[in-house]
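The first chain written gets the first letter, and so on, giving A, B, C, D, E and F; residue counts start at 1 in each chain.
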Amino acid sequence: MVDVGQKPETDRMARAEAFVEMDPSTLQLICDRKIAKGDVFEIARLAGIMATKRTPELIPLCHALGLDSAHVDFEVLEPNRIRIESAVTVHARTGVEMEALTAVSVAGLTIYDMCKSVDRGMSITNLRLLEKQGGKSGHFLREE
Amino acid sequence: MVDVGQKPETDRMARAEAFVEMDPSTLQLICDRKIAKGDVFEIARLAGIMATKRTPELIPLCHALGLDSAHVDFEVLEPNRIRIESAVTVHARTGVEMEALTAVSVAGLTIYDMCKSVDRGMSITNLRLLEKQGGKSGHFLREE
Amino acid sequence: MVDVGQKPETDRMARAEAFVEMDPSTLQLICDRKIAKGDVFEIARLAGIMATKRTPELIPLCHALGLDSAHVDFEVLEPNRIRIESAVTVHARTGVEMEALTAVSVAGLTIYDMCKSVDRGMSITNLRLLEKQGGKSGHFLREE
Amino acid sequence: MVDVGQKPETDRMARAEAFVEMDPSTLQLICDRKIAKGDVFEIARLAGIMATKRTPELIPLCHALGLDSAHVDFEVLEPNRIRIESAVTVHARTGVEMEALTAVSVAGLTIYDMCKSVDRGMSITNLRLLEKQGGKSGHFLREE
Amino acid sequence: MVDVGQKPETDRMARAEAFVEMDPSTLQLICDRKIAKGDVFEIARLAGIMATKRTPELIPLCHALGLDSAHVDFEVLEPNRIRIESAVTVHARTGVEMEALTAVSVAGLTIYDMCKSVDRGMSITNLRLLEKQGGKSGHFLREE
Amino acid sequence: MVDVGQKPETDRMARAEAFVEMDPSTLQLICDRKIAKGDVFEIARLAGIMATKRTPELIPLCHALGLDSAHVDFEVLEPNRIRIESAVTVHARTGVEMEALTAVSVAGLTIYDMCKSVDRGMSITNLRLLEKQGGKSGHFLREE
């Protein structure tokens, strides 16, 4: 685990996104709250937020940080996709890109888990960093 | 967490895949073992395998299972992609699709973490189930 | 951790309950889905279910079991109480009383966490086992 | 997880309590150190302290904090109750009410676990916050 | 994680030991229950037992098993050593050597933690497997 | 968990070591990368680093700290020993001796796990603190 001890504590932020592709009928079931296991968006949102707190356990060389905030949101992209976006902030010596990426990843996996009995062919795609701020490497904003 | 108590214990298997897209120069650094943080394939493989054991903590409604085996492998797809494939087996009342998907997800995130200082634009894509066997829903094999 | 190796694997079930007492205005906010942090019932339900999987980490001498099912439900008792009930099943050599009790405990604590900014005086009370089945000690049913 | 990044780091403290009600003969066994699983007070104390470190994993929207101290103590209330009190301190941007409440909750559950073979009817009651200090909402002291 | 799916479930047992060497005055403080942090034997015993349940999280390629029993005991070897012995049993497809070794290791580290303010020079030594039973490789008994 | 709230945050460092003794033929297999489970040094190094992040979960009265760095290295001591050395740093109110000791302990256990099928008689020995800096108790350097 690389030494971040000489870096100053600064405000840091990271945003990430991912897309879950599915059968249009599956998206309809989700939006109609007809998935038997429960409210897909609410449970996936919670799973994503909780995963930000587990990130250093999952990613071997990732530093443990006490996060200031974590958010996960969803956008329905008719007819067959859900876009997940996360935002994480911290006041620390290193960044939170991995926490933001882990959040959208686990939120996407949770959507899969809740819908897999009706659609095993779902896929998660374009999981990537959208933006990061703070730290020596400065501002990163993904160009579309 | 749905009741699986009436299901018989059977041999179950799941395989999943994901692709990490990056700059060709990043892939070169990985293959040349020149990433400063360590051997990317070895560390990502281990992170993926260990993640199979944490899956029920991450995915809220996923059952805890004592896995029989877990494997994660990598394929370099010149000039700019790595393909990750996982395989998980268990003798249990429910399947291991989520464990296989979590393995490729965390392996991909670990690749990102190890290379992010040289390539913040990397993305994980086409994360999906390849095959599952065992259980009432039978055999699933993804058609290409 | 006492030896359960000589006990037979049998079907086991446990149910527990707890009550959260609060200001009537707090209960109104919960039922109207006006608590700023999110849907209290949905999040507390999930927290309770997930806690069943962490029980052996929390309770020092508790055996780790692969649960077959876990459920947490809520009942609004006007004007100022919520009743939480959990049910857990397993096919194992020892029982799931602690998992059922941990579920209602963590669900109750989560309700507190989500509402504490408006009502710090909330309390959890009458947290207890309602029923257990299976195992040498037989059937336990709480008498009211 | 709400944003605490703009709050100042201040000294914070929280105290909580809970009561375990049992058969008088059970309390006698505990006080005589005759419970077969071990010293109930010592083990429950440790379980409660360790639970303060797991609180953000259990309570979905709770921030992870590096605690400065955690204490759990017991008071025997003849003929049939044990009172548990916890105290937790931190220098942080948000409070430790949930850590203090989780400590008494897990300590109480551990007492139940250690004595359940002799007294399944035990209950945990009046689990509540006694006091908190620090932070914008100021001092809270429970009135009896 | 190697495939154990074809192995039969059998009764398995493992015992391990380790020695903690310290200043004779430290051993005296422990035996007199004068270490400020608490009862060293009781807390180290509990830490060792709980560590058996975390072993698959710590040892990357170790299978998760639902243990049947775990015990940790101590022997005072005047004038300057404590001997720790663990015993773990399971009915499973693979053995519990790592659980037994992890138990004595974490029990030893906990002794160090509790006494380090008076004796930083303590060391853990001769941490090793004493015996294993069950499985294809048969009986192993360490020869002195 | 003792109160560290009044201590100042200072730079702290700890180094620890342990030795794994084995059959000379086992050491040869490790150095020749012929152990079937994978690269022993790479996997044990990662396990040791990851264990520094789990230390407060394992050691009951240990404070949770956000580490600045963690390193684990190996030295082959022909004909039959591997020396493990860890170094951990933090900017905090309390030290990281336990993290450094846990790192060498878990790295040693992982070496055992990977080689146990060929050499069950391996032992871990002389696990001890080499140095600590920072904090009121000042500099500790082990004398040989």
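General observations
Criterion: a contact is a pair of C-beta atoms (placed from the backbone, for glycine too) under 8 Å apart; a residue touches a chain by one contact, two chains touch by 3 or more.
Please read all numbers here as calculations on a predicted model, not as lab measurements.
Contact count check for A-B and D-E (C-beta pairs in contact): higher for A-B.
Centroids built from CA atoms put subunit D at 32 Å from subunit A.
Averaging C-alpha coordinates per chain places the centre of subunit B 39 Å away from that of subunit D.
Centre-to-centre separation between subunit A and subunit C, using Cα means, comes to 28 Å. Computed centre separation for the pair subunit E/subunit F is 17 angstrom, with centres defined by C-alpha atoms.
Shown for subunit F are the residues in touch with two or more other chains, namely 2, 38, 43, 46, 50, 54, 57, 60-61, 66. If touching chains are joined by edges, the resulting network of the protein chains shown has some other shape, matching none of path, cycle, star or complete graph.
Note for the complex: subunit B touches subunit E at residues 11, 46, 49-50, 52-54, 66-71, 89-91. Taken together, the subunit D residues at the contact with subunit C in this complex read 2, 18, 36-38, 43, 46-47, 50-51, 54, 57-62, 97-98, 101-102, 105-106, 108-110, 112-114, 116-117, 120-129, 132, 137, 140, 142. Subunit F contributes residues 38-39, 42-43, 46 to its touches with subunit B in the complex.
Within the complex, the subunit D residues that touch subunit A are 1-5, 56-57, 60-61, 63-66, 92-93.
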